[in-house]
Amino acid sequence: MSADLALYALGLGDDALIAAQRLGELYASSPEMEEDVALANIALDQLGAARLLLGYAAELTGAGDEDTLAFLRGPAEFRNHVLVELPNGDFAVTVAKLLFLAAWQRPLYARLAASGDERLAGIAATAGLETAYHLDHATQWTVRLGDGTPESHRRMQDAIDRLWPYTRELFVADPVARRLPGIAADPDRAEWTGTVEAALAEATLRVPGEAGVPAGLDGRAGRHTEHLTELLDEMQRLHRAHPGARW
Amino acid sequence: MSADLALYALGLGDDALIAAQRLGELYASSPEMEEDVALANIALDQLGAARLLLGYAAELTGAGDEDTLAFLRGPAEFRNHVLVELPNGDFAVTVAKLLFLAAWQRPLYARLAASGDERLAGIAATAGLETAYHLDHATQWTVRLGDGTPESHRRMQDAIDRLWPYTRELFVADPVARRLPGIAADPDRAEWTGTVEAALAEATLRVPGEAGVPAGLDGRAGRHTEHLTELLDEMQRLHRAHPGARW
Amino acid sequence: MDGIDELTREERFDALVAAEEKVEPADWMPEAYRKGLIRQIAQHAHSEIIGMQPEGSWITRAPSLKRKAILLAKVQDEAGHGLYLYAAAETLGVTRDELVDHLVQGRQKYSSIFNYPTLTWADIGAIGWLVDGAAIVNQVPLCRCSYGPYARAMVRICKEESFHQRQGYELLHTLAHGTPAQHAMAQDALDRWWYPSLAMFGPPDTDSVHSARSIQWKIKRFSNDELRQRFVDMCVPQAEVLGLRIPDDNLRWNPDRGAHDFTPPDYDELKRVITGDGPCNAERMAHRRAAHDDGAWVREAAAAYASKRAA
Amino acid sequence: MDGIDELTREERFDALVAAEEKVEPADWMPEAYRKGLIRQIAQHAHSEIIGMQPEGSWITRAPSLKRKAILLAKVQDEAGHGLYLYAAAETLGVTRDELVDHLVQGRQKYSSIFNYPTLTWADIGAIGWLVDGAAIVNQVPLCRCSYGPYARAMVRICKEESFHQRQGYELLHTLAHGTPAQHAMAQDALDRWWYPSLAMFGPPDTDSVHSARSIQWKIKRFSNDELRQRFVDMCVPQAEVLGLRIPDDNLRWNPDRGAHDFTPPDYDELKRVITGDGPCNAERMAHRRAAHDDGAWVREAAAAYASKRAA
C-alpha cells in the first residue's frame, strides 16, 4: 500500500510541480506588474505543495528525496496530467489552464483533507486553502477577459476551446487511487463542471462540446506530449550535469 | 604554433557551428516553403565547415574530436563572435545576421584559401564557394524587404540597426591570428563595408552610424551573452547526459 | 469541341490506363480521377510539410554533429518533397496556395502518424525505420501510378526516403547496441511507434472508402491490408537484427499463409487521430498556422518588390 | 495662496530637513528637490523591474526545488519593490504609466548592473552577495532620507534585500565548498561580477553630477566613493570565508587609511553601459517592451470590463 500511496502522492505532486515550472517561465512578462506578483505567488504555492508531496513520496519508498524525484526521473515516469505541461501560450491560455487546474485541485484537496492518511490530509489542508485563492484569481481574469473587449473575448474563448479536450483526463479513473479506498479521493466531475460553467457564463463565454482525451495521451500512466520532454530538459539539465553535487 | 592554429580554426569553426545551430531552430517556420529549403541548405553548409574546422582543431591539439569540442566545452571556451549567438528574432533579423556574417566569411575564406597551412587553405576554399551563395541569398532578401512594403522596410531597418553594434567585433584584432603570419588572414573591413553598404543602398536602407562593440563582450575571448549559455544548454544536453556513449 | 464525345474520351482514357501508359496533364481525364488525385497528392504533400515538425525539433538537440547534419538534410528533403508534390498537384489545375489554405483551415488531412509526439532521440531512429519504412511500402507501387507527374515525383521521393530509412535504422541500431540506457530508449521508441506505424496503411480493407476505384484506375496497386502485411513481414527480421522486441504478443510466423500473424492497430484510435483528436494535432496545426501568419509580411514585401521591378 | 511667500517656504523646508524631520507629500518642496527625487526613485523602481530579468531566467533551471522556491520568491519580491517604489514616486505627482513610458522609451535609466549577462547558476549567488550587497550599502542610508514615503519604502526593501543577500552568499558558499566544477563556477562568477558591482556606486566623486545637492537635502548621506570603500571593506573578509579570490592584484589592507586599497572599476565602461552600450541593454529593453506590448490587449480588456461594471 505504501507503494501505491507514494504513486498517488507523486501524481498530485507532479501536477503541482509542472504547473509551477510553467508559471516560473513567466517572470517579468505579465500584462501588469501586479500580475507578476500574483503569478509568482501561485507558482510558489504550487511549488510548495509539490515539495511536500514529492518529499512524502520519497519517504514512502525509502529512496531519495524531493530532488531525486524532481530531477532524476524521465518523462515517462512523470505522472502529471497533460494539461499542466502544455505551453503557456498567451495570457488567456495561462488563465484558462489555471482555472481548469484550480477548479480541480480545490475540491479534491478539500476531500483529501479528510483522508485516512494523516500526512496526506495535512498537506491537502494547507494546499487547499491556497488553491481557493488560485481559483478566485483565475475566475476573475476569465470574467474580465471574456466580458472585456471583442479581442479579449475571442482569445479567452480560443483558450477555453483549445484546452477543453485536456480537461477530460482530470476525470479518468486512476487505478492507483482505486487501490487506496479511504485514503485517496475521487475528483468530483459535477462540481468541477458547475464551477467552470458558472465562470464561463459570467464571462459570456460558450461551454465547448463534449470532447475525449486526445488519443494516445495518459499523463498518470506516463504518456505525455513532447512538451514535457522539453520542459524537463530545461528543468533537469543543471542538476544532472553535476551528479551527486549539493546545491 | 599548432596550439595557436587550433585556436584559430576553433574561432572560425565556432562561428560556423553556432550560426548553423541558430538556423537549425528555424525548421518549418519560414515565410515560404522554398525558404525552408534555402535556410536548411545554408545551415548544412555552415555545419559542414564547422565539422571540418573543429575536427582539424582537435587533431592539432591531439585530444578529442569534433564532438568533444562541440559538446563538452562550456560557454567561456567558445570563441564565436557574439553576432552569431544572438536569437533569430523575426525573418528580417535572420536575414541581417546572415548578410553580416556572409559578407565577412566570403572574403576571409577567399584569403585563407591561399593560407600557408594547406589543410586550412583546403577547408577555406570549399567553404568560400558556399558563402558566396549565402551572401547572394541574404543580399536578395535584404533588398526585397528593404524595398518592399513600408512594414518590411521598417523591420529590415530595425534589424540592421539592432545588430550593427555587434558587427564591430568582426574586425577587432584577434591576438591568435596575429601570431600566425602567412597562415591566418585579417578580415578586410573596407571590403565588408563596401559589400554591406551597396546592399543597403539598393535596399533603400540607411547605414547606421559608427558603434562600438557592446561593453564587456568579446566572443573570441569567450566573453559571451547569456544567449550562448541557453543555446549550448539545448545543444549539449543529450550528449552530456550519456557520458562516453556512441551515437 | 474537338468532335469526340465524352464516351469515346472515357474509353480512350480507360484504354490508356489499361495499357499501363501514363496519363499526362494535357490529357482528358474523368473528373473523379482528377479530384481523387488532387486529394491524394495534396494529402501526401501536406504530410511532408507537417512531417518536418516532429523531427525538426530534434535538430538543435542531436547528440553528435554527424547526426545533426543527417537530420538537417532529412528535414530539408521533406520540404523539397512537399514542393515536388504541390507542383505535381498543380498540374491538375489547383494552386499551391489553395491547397495550403485547405491544410491550414483543416479541410484537408495529412498522415495521422505526425500527430504523435517525438519524446526522445530514439524516436528519430524509429521514425526513420518505421515511418519512412511504411511510407516506402506505400509509395513504391505509386512509382507506377497511372498519373505521370505523380509517378515521376514518387520515383525521386522513394529514392531519398529509402536513404532516410537506412539512416534511421542505423541510428536505432547504434542505440540498441549502445549503453543500457540507450538500448532502453530504443525499445521504448519501438513500443510507442509500432502501432501508429501499422495504422499508416489506413483502415482495414473492409472499411476502406477509396480503395476499389483507385485500384481500377491504377493509382493504388495493392489494398491497405496487403501493404500492412508486407510491412510487418519486412520489419520482423529487422527487429531481430536490432535486438529489439516488437510489442505484440501475438506476432508469429504463420507457415500456412507464408506470412506473420499480428495484432492489428487500434482503428478507433486511428479514426480519432485522423479526425483531429490525436495527441499533437492542435500543436502541428498551430505551428503551421503561425509560420504562415508570421510570414505574411515577408510574402507581401516580396510581391510588392516584384511588382515594382516589373513596372 | 496661503499668504506665505516662496522664500519663507524654502526656509521652512530647509529647517525641516536640517532637523532630520520627514518631508511629506502634502508639504511644499523645491521643484528641483521634487524632480531630483522623481528621477532617483523612478530609476530605482525601474532597476527592480529590469532586475527581475537576469535572475528570472534561472527560475526554470534552478538545480534543486529549494533553490527554485528561493529564487521565485526573490524575483517576486523585486516585482513588489518596484510597485512600492512607483507608489512612492506617485506621491510626487507623476503616474506609474508615465514612468514606465519613460523607461520603455529609454528616457529614464536603470542600474547599469542589470545589463550584464547571467551565464551560470553561480551568477545567481554572485548577484545576491555582491549586487544585493552593494544595493544595501547604497540603500541603508536612504532609510533616513528626508522624503518620508521614499524612506519608508527603503526600510521595507532593505529588510528583504538583506535576506536576499544572505541567501545569495549561502548559495555561493555551497558552490565554493562543493565539487571542483562548482568551485570553479563560483570563482568565475566572482571574476565577472566584481568590477560591475563596484561600478554600481556610480562615477568617482570628482565626476559625480548630482551628489552635492543630494547630500545637502539629506537624500544622499555619503559620497559614491565612501560607499564603494565601505562595500570593498565588507566583501574582503566574506570572500575569505567563501574561499574565493577577488580578482584584484592591488587589493590590500592599508593600515594608514584603515581601509583596503583597491583597483577602481573601469568608469569608461560604466559610462558606455549606462548610455546603452552594455552587453545586454538591448535585450533587457526588448523584453520589457515585449511584455508591455503583449499585455496591451489584457489591460484594454480589464479597463473595458471595469467601465462596464461602473456603468
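Chains here go by letter, A, B, C and D, matching the order in which they are written, and residues are numbered from 1 within each.
One rule holds for everything that comes next: a contact is a pair of C-beta atoms (placed from the backbone, for glycine too) under 8 Å apart; a residue touches a chain by one contact, two chains touch by 3 or more.
Worth saying up front: this structure is predicted, and the values here are computed from it rather than measured.
The set of chains touching subunit A and also touching subunit B is given as C, D. Centres computed as Cα averages put subunit A at a distance of 36 Å from subunit C. Once the centre of each chain is set as its mean CA position, subunit C and subunit D turn out to be 57 Å apart.
Annotation for subunit D: residues 57, 61 touch two or more other chains. Among the residues of subunit A, those touching two or more other chains are numbered 233-234, 237. Shown here, the protein chains touch in an arrangement that is not a line, ring, star or fully connected set. Pairwise, the chains that make contact are A-B, A-C, A-D, B-C, B-D. Residues 233-234, 237, 240-241 of subunit B touch subunit A in their complex.
On the subunit C side of its complex with subunit B, the touching residues are 49, 52-53, 56-57, 59-69, 72-73, 75-76, 79-80, 82-83, 86, 121, 171, 174-175, 178-179, 181-182, 287-288, 290-291, 294-302, 304-305, 308.
The touching residues of subunit B, when paired with subunit D in their complex, are 75-76, 162, 165, 211-212, 214-217, 224-230, 233.
Subunit A meets subunit D in the complex at residues 17, 20-21, 24-25, 27-34, 36-37, 40-41, 43-44, 47-48, 50-51, 54, 66-67, 70-71, 90-91, 143-145, 147-149, 151-152, 155, 234-235, 237-239, 242, 244-247. Here subunit C touches subunit A in the complex through residues 54, 57, 61, 116-120, 188, 196, 269, 272-273, 277-283, going by the rule given at the top.
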